[in-house]
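Structure first, commentary second.
For reference, chains read A, B, C and D in written order, and residue numbers begin at 1 within each chain.
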Amino acid sequence: MSIDTAELPDPEGPEDRPAPAGNPGWLSDDELSFVRGRLPVVYVEAVPVRLDGLGQVIEVGLLLRSTPDGVMTRALISGRVRYGETLREALFRHLENDLGPMAFPQMPTALVPAQIAEYFPMPGISSFVDERQHAVSLVYVVPVTGTCNPRQDALEVSWMSPEEALAPDTLDELPGGRGALLRQALSTVGY
Amino acid sequence: MSIDTAELPDPEGPEDRPAPAGNPGWLSDDELSFVRGRLPVVYVEAVPVRLDGLGQVIEVGLLLRSTPDGVMTRALISGRVRYGETLREALFRHLENDLGPMAFPQMPTALVPAQIAEYFPMPGISSFVDERQHAVSLVYVVPVTGTCNPRQDALEVSWMSPEEALAPDTLDELPGGRGALLRQALSTVGY
Amino acid sequence: MSIDTAELPDPEGPEDRPAPAGNPGWLSDDELSFVRGRLPVVYVEAVPVRLDGLGQVIEVGLLLRSTPDGVMTRALISGRVRYGETLREALFRHLENDLGPMAFPQMPTALVPAQIAEYFPMPGISSFVDERQHAVSLVYVVPVTGTCNPRQDALEVSWMSPEEALAPDTLDELPGGRGALLRQALSTVGY
Amino acid sequence: MSIDTAELPDPEGPEDRPAPAGNPGWLSDDELSFVRGRLPVVYVEAVPVRLDGLGQVIEVGLLLRSTPDGVMTRALISGRVRYGETLREALFRHLENDLGPMAFPQMPTALVPAQIAEYFPMPGISSFVDERQHAVSLVYVVPVTGTCNPRQDALEVSWMSPEEALAPDTLDELPGGRGALLRQALSTVGY
């Protein structure tokens, strides 16, 4: 399968869905563009996993997204934290957005994440690049127990063994250095 | 309620239940006594909790145990790791022993625990005392989703709010410094 | 000692010091005010500590600040992460700002912090309140090995034993719920 | 370089050095052999690293050991925790044993390690194998600031970049699955 990671869709472009009127957390295109050039943006990211009966990770879920021009790319669950929104609310919102309402994620009990990732628009500052913004991301490994039905623009959640997920070919399909991030997140659960 | 923590039962006294013949992990009284004086013993401990829909801890479970002479004492879930047994197996075994088969604990995805506790038979070396042994304990916060039916010698699992669990009176009812350990474990989930 | 925590100075008011011209990370008063109402702001915080030879925390440093109207208040080291700045750079900048250039902090090897704190301008959403903004803060315990000479507006770094730092009277002197945060941070190092 | 990892020396064989008379933590060959077959043994392991001024790991130290029959093998710093010894004391003792008295390690402030490793004598139970014993190991990343002069049987501490340390050829030179452990430990510091 050919996966072009050069052009990424903005999965939230500009915002995943409008918030109720008057919610200061929802930003217009212009506002989002302005603040993205002034402040690091807080993100949450999640690696969905399936567990055996003793809590060992046995499967890893990766999103398969198509860009506006039809190119496929792999992704973690990822999205920004809005003004006034707690980290737990943001994480749950993005899990539900990307996995559907029947995924039944086991939300983390601790806010301290598995990994912290820093994204910069310019390469070379950290391991991770996001052309849109400077983002500081809290990355969680999140077990899901239900059925995943991703929203429209994520065509598929593909489940694979940790070994398959960590194969160099798979890691390379995650853009912006997120292959290394997936590897770091899975190392916290023994891989 | 008056709770005397001076005399503790050995909840495993000497071993919670016999292992199949030939299992080197099960030790006779004499063997256990010998090795306990030669090596630090590996323990797992768990603080059972209940969560709201976003993963926030809303209730904490404490065991209420009666000593052989009828005195009540509070306890965390706690037990040693046997030779040949994985940490996950030991944690699950002790959770099932103390909470029953219908507790449905959410086993941790990562082996790195919320806290490490060192117990010594003599006070003053660390914050924690265990008159029976030198133990190194891996302490986890474990959400349970089902119904808890403790085995016979633990009369009750009492559920309380995190604030009640952290009240000085409650913490004092945990022997051997385990009140401080409960406080440390709950601080990892935001309390 | 009477410490009024009702009115806090903005220790960065509006920004601790100007950045070089053209640095998009430095914001004017109006810009900072605008973005603070639109996005959660990324913060780093640090609890400075002194260690014994085996790495055990034996002293905790708390800043003693005077507000513009002369009231004293205790504080952790704390400040925002600028656009384009790494977390390590921000942490080091704020440590140097508040402890002086001869403090020789032992910077953390891992970016995953001891605790994550969420501040909201309105009370009740999380444990922590910051009237100025919604902030997501990464909190580190940072050993210092040198001599601390705080900048002008922090009159003093007072060093005390962990027990003194955790006394209810001391914790109450930290505004916005930061007493609980100090307690949580020190629990990761065994207190 | 040809490195045979099939036959490993016991770096403590049977014990690194005698303890003072009457110390129950020191075991004779027979005693150590007996307890090793009855209980999991507590270990500490360390990955020595060098940092830049902001705390980023820039070099990784690996021990180069020769077996009794002259074969070279790579190793992490590793050793058991004795009866009555704290984890900090054991970690410091093994660091000094393997790096010499002038290494000036920055001991960890928190006891919670970067990774937990379980070793079993029989392969297939966990990722890690130790033919001598069932061990539960707490693995730390430890910055050193001084000069390393290993004791006699470790011929060399070789320093290399994180990228070199993580090269498959280097990881393969660590026996018993410890290559994966080194990878997991370095992922906690951003690699």
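The rule is short, and it goes like this: contacts are C-beta pairs under 8 Å (C-beta built on N, C-alpha and C of every residue); 3 or more make two chains touch, one makes a residue touch a chain.
Note that the coordinates shown come from a computational prediction; the quantities given were computed from them, not determined experimentally.
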Exercise. Among the other chains, which touch chain B and chain D together?
Worked result: A, C
Exercise. Copies chain A, chain D: same or different interface, half of numbers shared as the threshold?
Worked result: same
Problem set entry | Between A-C and A-B, the pair with more C-beta contacts | A-C
Exercise. Rotation angle for the CA superposition of chain B on chain C, to the nearest 5°?
Worked result: 180
Seminar exercise, completed: Here the gap between chain A and chain B, centre to centre from mean Cα coordinates and rounded to Å, is 36
Seminar exercise, completed: CA centroids of chain A and chain C: separation to the nearest Å works out as 29
For this session: Would you give the residues of chain B that are in contact with at least 2 other chains, written as numbers and ranges?
Result: 86, 111-112, 114-115, 188, 190
For this session: Take each protein chain as a node, join two nodes whenever their chains touch, and name the resulting shape: line, ring, star, complete or other.
Result: complete
Exercise. Which residues, counting only chain D, touch chain A once they are in their complex?
Worked result: 115, 127, 183-184, 187-188, 190
Seminar exercise, completed: Residue set of chain A touching chain C in the complex reads 24, 27, 31, 34-35, 37-42, 81-87, 111-116, 118, 120, 125-126, 134, 136, 138
Seminar exercise, completed: chain B partner, complex, touching residues on chain A are 49, 51, 53-57, 86, 88-89, 92, 106-112, 114, 141, 143, 188-190
